[in-house]
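What follows is subunit A paired twice: with subunit B in the first complex and subunit C in the second.
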Partner chain A sequence: MTTATASRPETEKSAFDPRVEGQRLIKEWYAELEQANELGQPVANVFVMGNAVEILRAFDFKLVFPEINSLQTGVRKSSEEYIRLSEDYGMSPDVCSYVKADVGLILKENRHPVGRIPKASLAIASNMCSTFIKWAEIWERWLKTPTFVLDLPGQRAAGWQVRPGDAQHSADSRWVEAQFAELIARCEKITGKKLDLDKLAEIEDRVNRMVGHWNNVMMLNRRTPAPYNAMLDGLTYIGIMNVHRGTQEGVDFMRRLEQHLEAKVARGEGRVKDERFRLLFSGTPCYVSMRRLVELFENWGGVFAYSDYLTFAAGGMDAAELRYDTSRPLESLAEVTAIAAQRGLSNQFFAHERLAQQIRDYGTDGVVFHGIKSCRFVSSGMADTREFISRLDVPTLYIESDLIDPRYWADAQIKNRVDAFFEALGQRGSRRAS
Partner chain B sequence: MIYVAGIDIGSTYSKALLLDESFKVAGRAVRRTGFKLALAAESVFDELLKDAGLERSQVTYVAATGYGRYTVAYRHTQLTELTAHARAAVHLFPGTRTILDIGGQDIKAIRVDAEGRVKAFRLNDKCAAGTGAFLEKTARYLGITTDQIGEYALRSKNPKPVSSVCAVFAESEVISHLAGGVPAEDIMMGAMVALGGRAVQLMRRVSLEPAYMLTGGMTRNAAMIHALEQNLKDKLQVAPDGLGQLNGAYGAALLGLLRVQKLIAEGKPIPATASQINLNEVTAKRRWSAIATKKAAPPCATGACPTPVRIVRKPLEEARA
Partner chain C sequence: MPEAVYDSQKELELVLERCNEAVREPGIPPGLPEGFSGTLGHFPVYFPEEIAHAAGLLPMALLGGGNRMEMKHADARMGSFVCSICRSTTEMGLNGSLKDLSGFVTHPICDAAKHLAGIWARNLPDQVSQILYLPQNVNTPGAVRYIAAEYQRLRGVLEAKTGRKVSDEALRASLRTYNRNRALLREVYALRRDAPWKLSCTESYLLTRARSRMPCEEHNALLERALAALAHRKAPAQDKPRVVFVGGFCEQPPLEMLEAIDESCYVVDDDLLIGMRWLTADVPEGGDPVWALAESYVERSAASPVQHDARKSKEGYLMEMLRGANADAAILTAAKFCEPGLDDQLAWSKHFDEVGVPYLVLEFEEKMTSFEQMAMQVETFAESLLFALA
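Moving on to the complex of A and B:
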């Protein structure tokens, strides 16, 4: 566990506000994107998992994250407008709301609440989610954006896990590396530049440092009281982990964030004034109503100390052994990619044991499952996992809404479930009290 | 004498029950909630006091429950109906382990321990096809009142299945059956069988552990109890003396009375009511979805445009003054 220190300069503590700084970085990133086409900069659409961002950055691509564009329409309370546009076009209410918000964005000629989204010269998808592939097909057909689909090895069986150095991992890495060679050739053709391996190594070094800080940031929330809420503050942090992965700004943010949270821990300052219950959030957020959802829990003194989403949506590089070997940048990128995306995804597959471990690590009193209407992929295993967790005598709560579709948020119903959950938790007493 | 009231403001009906210090029921009231919840809370309390022959000042403590619990301004505490139902069920039938509550707009399955603590609960999802409101709507199509539903359905010889999982589509199905000449009692019973199936499925999700108890307004409906027991293949306990519908209010009053006893034993005062603590507490918080679009201020007819200022004094301040 990270050791808390109180020796940081006072100015550093007070000058850095992660929320304000995170918002500034996101705003700047969108501002850069707005100018990309005019300046003739290459642009790539990428997803948060399995995206080869390091290679794209080495070619100076400006990165568009369509998932983040969609969730930002939710955060800015305009997702329904975009979703309805795609439904007017003919998409079913059951289609992923991220896809529908993005289709709405295309139908609005790329006018996003934060600015204009540039047209991409390349889109990287992967088989980590089957919707990614069909989503990229829409760009290819409508916008003539060429797609490159990475075929990344998945988990093959329960309890089966590839570990660095074993024969399976070696074979998987060669498979991924061969695809990277093809991707590099495509990038060289688009940009007219050769891959600079030194530059790739520098980017990987920055990713290593970001991931190191990120692991420490997550560890800090094992402390009581938890210095941040994994499902509110944590979402800002993973936004930076994705958008600024491999940039100096990203490294600086994560370093300062770790220092800021260390200082909070040293001061004994928690996210919730009177922390009564520590909870684990499993599933994806409801970006339109996330603040409200967190408020419903925090009113009872409940804080989300951890969420599997923090690993799932941050590229899966939470395990300490996943570091790039910058002396072999390309081979190492393939080796890490062959495992990291799979681990991110495996947070959803066979999540039982991992969740049980996280319940112990973070000392949580209960688990909240959030199923989302528009993605059965991440929600379908929850009943089974919930059953497993319940057998460990850990209270669980299941609530359902959506990623960004506000029509699936039923405030009275959700509040009633949350209140009843806390009443039951109160009758048991918190884990720390018992 | 100590009197504690349990007020259950449900989506369809508001229920109130009064317990005296020996845990005896001293009064009860039921009325339709309507759309003015705070008004329903006042009216049902007035009716409760009338039934018990008491004045407001004689009631020591009020515990509110149900969806409208926060609109009961005179409450001392509030709790969810899940906790309330659990406590009352085990108090009335100590062997109860699984409770089914069919309300106007939702169904709840609750598994409890021997002390009446909630071990697990499940509520129906956003579809209303398995709720009391669905049966009421079906009855309305068939031209019968809510009170007649049970008696009417028991005449059925060949229940007609209603398969849709959506309340609106299920209504279309009912109309289609009527058009096809299916006897109305068979449609009514078919709707109950469908509802019963969904309700028992929900009970399975908290794992079926006998003994079972049915609570809520559906306890007045013999046909529904029959349909549920057939599906469950076991007996459902129902509170005696028509208390089934008031089970939530009963549980709230029970927990309230226990709390009062504890306060007295510890020599602590009865806390203030919600309205005494904060006059504006029942005012809903503004949320982004509720924020009205910016409207231009209407032009002032007089030209002077004085801003009307009203000084509102809180009752506590008045009392002090």
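Moving on to the complex of A and C:
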């Protein structure tokens, strides 16, 4: 079922601007969403981790990503308005700011800076981030959105080795498959259609191709100089990885992105003109000030060659051997989901095991930890992980702000810390120089 | 020698003194009771103590550091925005108070709790450190099989640690011991509902919490003595409103806070220490004991903000608590920085606004030490309730 993609002429490759193309795709996706309710199309709310998008697409659901809606309020500098609305309603200052922005959106009757967000006929909340479930419970009680909780078992202990096909993986996959069976029955009821296995296999084939390119895109940033910044350009890439997972546009984007970056590498062109330090970013972005944050690092010749965000925020789908077997689409979907979810979660809950390897893979000179006040998923173990990584004689920096709440961005303080970090790095010298 | 006269008040004092002594220090008491080869610390909420008990590991519910513990290490290892129980548990891991545990088990109740397994693994590598992956979807057929497999896995991990097989017979014996405990705790709560003037919330809390630092067998004996003594207790009913307390499912409020509430209200039901009494009915003693436990998680477990079950809405179970306890009002609390608790606290208050149930919203931290203001709030609330009910 896999179709080889013919390579396009060089002129097209060079005309491709991932940022412009990414923005176009996101804009079109939102435009489609605006019409979904009027056109009577089924709509599902999903999160970026553990979402069974392949099944939903097979039923032609239009996908709303509430996390992306919330981060877009940040990017568009209107998050504070939404957050304040929810706090006035009674939400605690200490809960996830994405959730608060979304509650603000409900209070504004779904009017979002990019357009109107449609009402969902189904929500899928995985347990990968516990807040997903609490978030879906808000829709359940407020909007009466039927919710399906997809329970995906994670890594149980340090040093946990699960390989595709072993007893533990088989047991976990069976559990995931049982849940998919129920989810499919729900989708059939909502849409009045039967699951088309061929269609599911086609979607999986497109995901396979997308993930293949995505892995290559990540590998390309192991090169020096790094062709892109994982925490700026990478955010566009992962947005497409999520929103267009399983679509032809998604495959085309990733393929062209890979070609584009390959060409950059061939030209020896890096994201930063004079790359002096390669860094790893652990945590989630601060979407209200990400450009500024990256600028603080790039001014010193520092580039984020990798971020664990690019792994967990795509549900852990970045391990090369994770490919759907399209000849048995349902079983394979459960098997890959079970293991991908575990990998995505491991990046957080047993972060030290992954980081040590990623530091080596990307040849990084240091790790920047970004703690998010309102996100316990990424932040609760971060300071301890940092301490562990420091014991490996890897320079680290810890900064704190928020996903989208501009009130937690302290520019002068963060700049001071970044500058001090680079001064120390400078004294130490980059790994390439030594 | 003349036979000592049974003095129920004295007896109750002795029992409560033993409970107090057991829980005074949040760490692990020295020495092991007979029949146990080690201790297994478990974080709230839904831990099947029976499995550890049958493995010869004394289950120790880790319920935070209280309000007398000095934080020396955890401040540098956990952000200030993480709840106190996670921070104090980390502190106890790092300051040596829990160094003698054979292992530590946490659950996917929330993201902060999941991180504790990694923190444990990094800092106490000699201990077993596990996440017991209890499902957040119990409504799909197959959930019991999955939980049973997870329980079997835990059984295997503990067998490897102790070097001793855990037989089905040992598990059944533990089920029986814990079923007795459940029955006794149900009696304690029934007394709180039927005659709250006989047993305060604080006393009942201490009676329950004692099991966190002693074998279930000893706890059963203490509860039996307490219930016998309470049957004789002569205490006049006072003019206090009947309230339900919620928000104590994981991090625990300080005793002083409960005392302040007892002063003005009868707390006729609560979700305090729910992790020590989350199985709401007896676990079937025949058949496969692991399956029986797993099936009980699906069919007989207490609802809380950290368990998703399509059959139990958060508003629904709280209304059920109010009805069951014939309560006039609710005290809706949440631990500071506890996202699930804070989310549900708001949902509950909005629901009560709609259905017209009076409530008081309080936020607490296990480490808080000042209670005057809170006591005043509770007193004012109680007075307004009495006035409205008069």
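Simple rule for what comes next: the second predicted complex is superposed on the first by the 423 of 434 C-alpha atoms of A that agree within 3 Å, B and C clash if a C-alpha of one lies under 4 Å from a C-alpha of the other, contacts with A are read in each partner's own complex, and residues count from 1 in each chain.
Just so we're on the same page, contacts are C-beta pairs under 8 Å (C-beta built on N, C-alpha and C of every residue); 3 or more make two chains touch, one makes a residue touch a chain.
Because the structure is a prediction, the values reported are computed rather than measured.
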Of subunit C and subunit B, partner touching more subunit A residues: C
If we overlay the two complexes on their shared chain A, which of subunit B and subunit C does A:95 touch? Say first, second, both or neither. second
Touching A:400, do we find subunit B (first), subunit C (second), both, or neither? both
Classify the contacts of A:28 with the two partner chains as first (subunit B alone), second (subunit C alone), both, or neither. neither
A:174 in the overlay: touching subunit B, subunit C, both, or neither? Say first, second, both or neither. second
For A:420 in the superposed arrangement: first (subunit B), second (subunit C), both or neither? first
Overlap of subunit C and subunit B interfaces on subunit A (superposed complexes): 400
Flag every residue of subunit A that touches subunit C in the complex, lowest number first. 90-92, 94-96, 99, 127, 129-131, 133-134, 137-138, 140-141, 147-151, 153-159, 168, 171, 174-175, 178-179, 182, 348-352, 371, 373-374, 376-377, 379-385, 387-388, 400
Within the complex, which stretch of subunit A touches subunit B? 77, 292, 390, 398, 400, 406, 408, 410-413, 416-417, 419-420, 423-424, 427-428
Okay, in this complex, where on subunit B does subunit A touch? 67, 79-83, 106, 117-123, 125-126, 287-289
Quick one: which bits of subunit C touch subunit A in the complex? Just the residue numbers, please. 76-79, 81-82, 86, 90, 108-112, 114-115, 117-119, 121-123, 125, 128-133, 135-137, 139-142, 145-146, 149-150, 153, 157, 305-306, 308, 310, 313-315, 334, 336-337, 339-340, 342-347, 349-350
